[in-house]
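Naming follows writing order (A, B and C), and every chain is counted from residue 1.
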Amino acid sequence: MAKPILEVKDLRVSFKMYAGEVQAVRGVSFSLHKGEVLAIVGESGCGKSVTAQTIMRLVPTPPSYIKEGSSILFDGKHEITKMSESQMEHVRGNEMGMIFQDPMTSLNPTMTVGAQISEGIRKHEKVKKAEAMRRAAELLTLVGMSNADERIHQYPHELSGGMRQRVMIALSLACNPKLLIADEPTTALDVTIQAQIIDLLRDIQKKTDTSIILITHDLGVVAEMAHNVVVMYAGKVVERGTLNDIFYNPRHPYTWGLLRSVPRLDSDKNNELDSIPGTPPDLYAPPVGCAFAARCPYAMQVCKEIDPEHFEVSAEHSSACWLLHPDAPKVEMPIEAGRRANG
Amino acid sequence: METISKDKFQPAQKTTNAESIVRPSLTYWQDAWRRLRSNKLAMGGLIVLILLSVLAVVAPMVSKFDYETQYLKDIDLKPSWAHFFGTDDFGRDLWTRVWWGTRISLFIGLVAAALDLVIGVLYGGISAYFGGKVDNAMQRIVEIIYSIPLLLLAIILIVFLGPGMKSIIIAYALTGWVGMARLVRGQILLVKEQEFVLAARTLGAKPARIILQHLIPNVIGLVIVQITFIVPLAIFFESFLSFIGVGIRPPMASLGNLINDGAHYMRYQPHRIIFPTIVFSLILLSFNVLGDGLRDALDPKMRK
Amino acid sequence: MLKYVLRRFIYMIITLWVIITATFFLMKLLPGNPFGEMAAKLPPENLAILKAQYGLDKPEWQQYLKYLGNVAQGDLGVSYQFPTRTVIEVIKQSFPASLELGIESLVVAIIIGLLLGIIAALKHNKWQDYSSMFIALVGISVPSFVVAPLLSLYVGNKWGILPPGLWEGPEHRILPALALSLGTIAILARMMRASMLEVSSLDYIKTAKSKGLATSKIVTGHMLRNAILPIVTILGPIAVNVITGTLVVETVFVIPGLGYQFVSSITTLDYTMITGLTVFYAAILIVVMFLTDIAYGLIDPRIRMSGRR
């Protein structure tokens, strides 16, 4: 197998706050290959956005700190955690692009969209302003906007939410990055627009063979796009695997819970939608054992005392759960989890 | 990993409730006070203000001198153990006069705060709570008053009604409170629109309960912050008027007329301007840092 | 937008009318003889002629209408102390110096104030932030009537670096403009800092960063423009600050401006001059507020857009 484009190893990020240290990311590892779409899923506050933004070093320091021993190796040669701010400027926008959650606020209201797209091009490639604007118009056409030559002179508030997210995608693609990070790209959009944006992303991924990290809590979006999935809980990866592993053979009770909480049209109306009881732990003081133990219906004594390592299910599939230990009682996966997920 | 004993793999007793919130919960005021206390600058301001207020009350009472008696053989004395701040060209003790002036300044600040609380908060609150036509009519009046420059109004009132505390207070009562009224109205309108008030109303909460539980707690922080900015403004206002000769008239002392007098004599008797200026600036500075600190402490959005 | 402008305009007129009316009736409240004490010695028939000449024999409502008409035509009456000078002449003579001083101090204040605010925000919670905000706090806490005498005494008299007063060459401009600008510097610096901090936490700044732009480019290209917009809303308070400041600064530095004129007419109790100048000052302030409202209305849709969640 070729070298991965991105290799994250034991990433730990903390925020120093007045009330103490919030350990937002507590040892996350995963890797991503060329042309691969990796989804990071989890509840709000599980550290998935911080992970994504740390890959581009977009989380301001202070208050955030990348802890010693963390490693983000990009393209086999750039150690992101060790790079200077000016080296990062070369990577951002040029080799990595980012799409943010809310297109209403992520574009500058006082600049035309053309200027905002061409700005990045002119930073990384020494081209004339007119040439950069021409490229901006091309990009807008690429993301499915008509009348691109007029659109580039419009301000964000003249565009709808879906249009703005297209602009955002065009902006992130401006310099043909090797890696695209999409941080909840559809969450703030209407359902019909969500589908369009997902189609667009999938389309672009196929055309350009870009690697994508997709941050989302929407399993529907994951099923549509992702090749591999990382499930995060309380700042840690609890399960990782291929799309099929996670949807058909999930091994972590948290993943079961996630899958069972997805509504489906074909399910029995009388069948209540399951939710995971309780709330995620406070990351000011993470629990000693498994972070999910307090909410887990299968929790054992060991779960509360020792944080489980990852147990390998197959080469690509692993889960951090004591249930996979040979001594653990055999627990059947709840049937609905597998059934519901076969989307 | 092999060392883990097998009995640990028995299903565990539910000991902790997953729904419980681990962090100790603080009330809004406890939390605000904790944050204010950690702000050294604001606490410094608060302590200085308390000290100055105590001095303003106590110093003239225990002083051997009063603010108006002239001792013509003791004129223009430099600061000494007899006269801590020296004397002026009428032989009046400046230590006593400065603290009298501080009293006057703080009194005017308090009156302004009271007027803001009574007129401004009520006006803004009524306007926002009733809304519709009432609000509309009340806001038209506010917009007109708001554009009347307070200082000019005070000057002409004083010129025509005669100088003194009364004119200053009337001017403030006529126009000074509109800033507060606008602020309170804006905040209440904002809170009224928010989901939690709507939720309370849908659940059938009575108006009194909505006002007590939702509106007042959300407005009170803002009012407190505004008052810490209003008080120094009123103090400045009096001193400014006294400085241009229309405020508090001698022999009554005010920080403004002491500074004005001091400015005339400062070439040869710098002590005459230095002491009232220091006290005056300390008052303004303390109120401003305290106000900034309170604003940061009371803003629930900052709660972390 | 037109409706908004028109509404603001009507408010402006109403406010002016309220002030003019108030000054008129305050004048009527004055005890004693409208022609001063000397006139008391005049024989009654002469006094009657004088009264007729000034329209004072007519009923009050007619006098009021005449006064309104006069003010509308720019006739603010005659000085009470020096009957040979009309108020409007005095304004024409002394306003230019005040205007010049005001503009000079504004230029100084905008440059220094905005710079301090920007530096403080960019170096948030570092020593640059603390020292900028300390300067701003001093600007708020030490009023112009303290700063002006001190500057005049030390820089002017004791050290002799710059002239301690008067209004002649360019060197006479520096100290008064500086004394007058301190308060405005403080207001602007604090506002600009808050505005910059607000903008810097917005999502589109992160977008700009994700494009790989350098910090300097993000500041100049994305933050400054958006951060300066809300500053427009405090033009009114700044105008008040500058105008009240001129009263003090001109008096201290003996500048033949309108502020000096106003303060001396207050000391000599020149009633007509006081009311005339009050109406004039009020008019200026109200027009500035009107323009501020219009400017705010112009930028408001943009602000609403960016603030939507």
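One rule holds for everything that comes next: a contact is a pair of C-beta atoms (placed from the backbone, for glycine too) under 8 Å apart; a residue touches a chain by one contact, two chains touch by 3 or more.
If you're wondering where the values come from, they're calculated on a predicted model, not measured in any experiment.
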Central chain (by mean CA position): B
Chain at maximum distance from chain A, centres defined as averaged CA atoms: C
A-B compared against A-C, more contacting pairs: A-C
Euclidean distance of C-alpha centroids - chain B vs chain C, Å: 24
Distance between the centres, which are taken as Cα means, of chain B and chain A, whole angstrom: 48
Separation of chain A from chain C, taking each centre as the mean of its C-alpha atoms, in whole Å: 54
Contacting residues of chain B [partner chain A, same complex]: 1, 4, 6-12, 15-16, 18-19, 21-23, 35, 38, 304
Interface residues, chain A side, partner chain B - complex: 17-19, 277-279, 281-282, 284-285, 293-295, 298-306, 309, 322, 325, 327-329
Complex contact set, residues of chain A against chain C: 53, 56, 58, 85-86, 88-94, 96-98, 100, 102, 104-111, 116, 119-120, 123-124, 156-157, 168, 171-172, 174
Complex interface listing, chain B residues touching chain C: 143-144, 147-149, 151-153, 155-157, 159-161, 232, 236, 239-240, 243-246, 256, 259-260, 263, 266-267, 273, 277, 280-282, 284-285, 288-289
Contact footprint of chain A on chain C as seen in their complex: 202-204, 206-215, 217, 221-222, 225-226, 229, 301-302, 305-306, 308-309
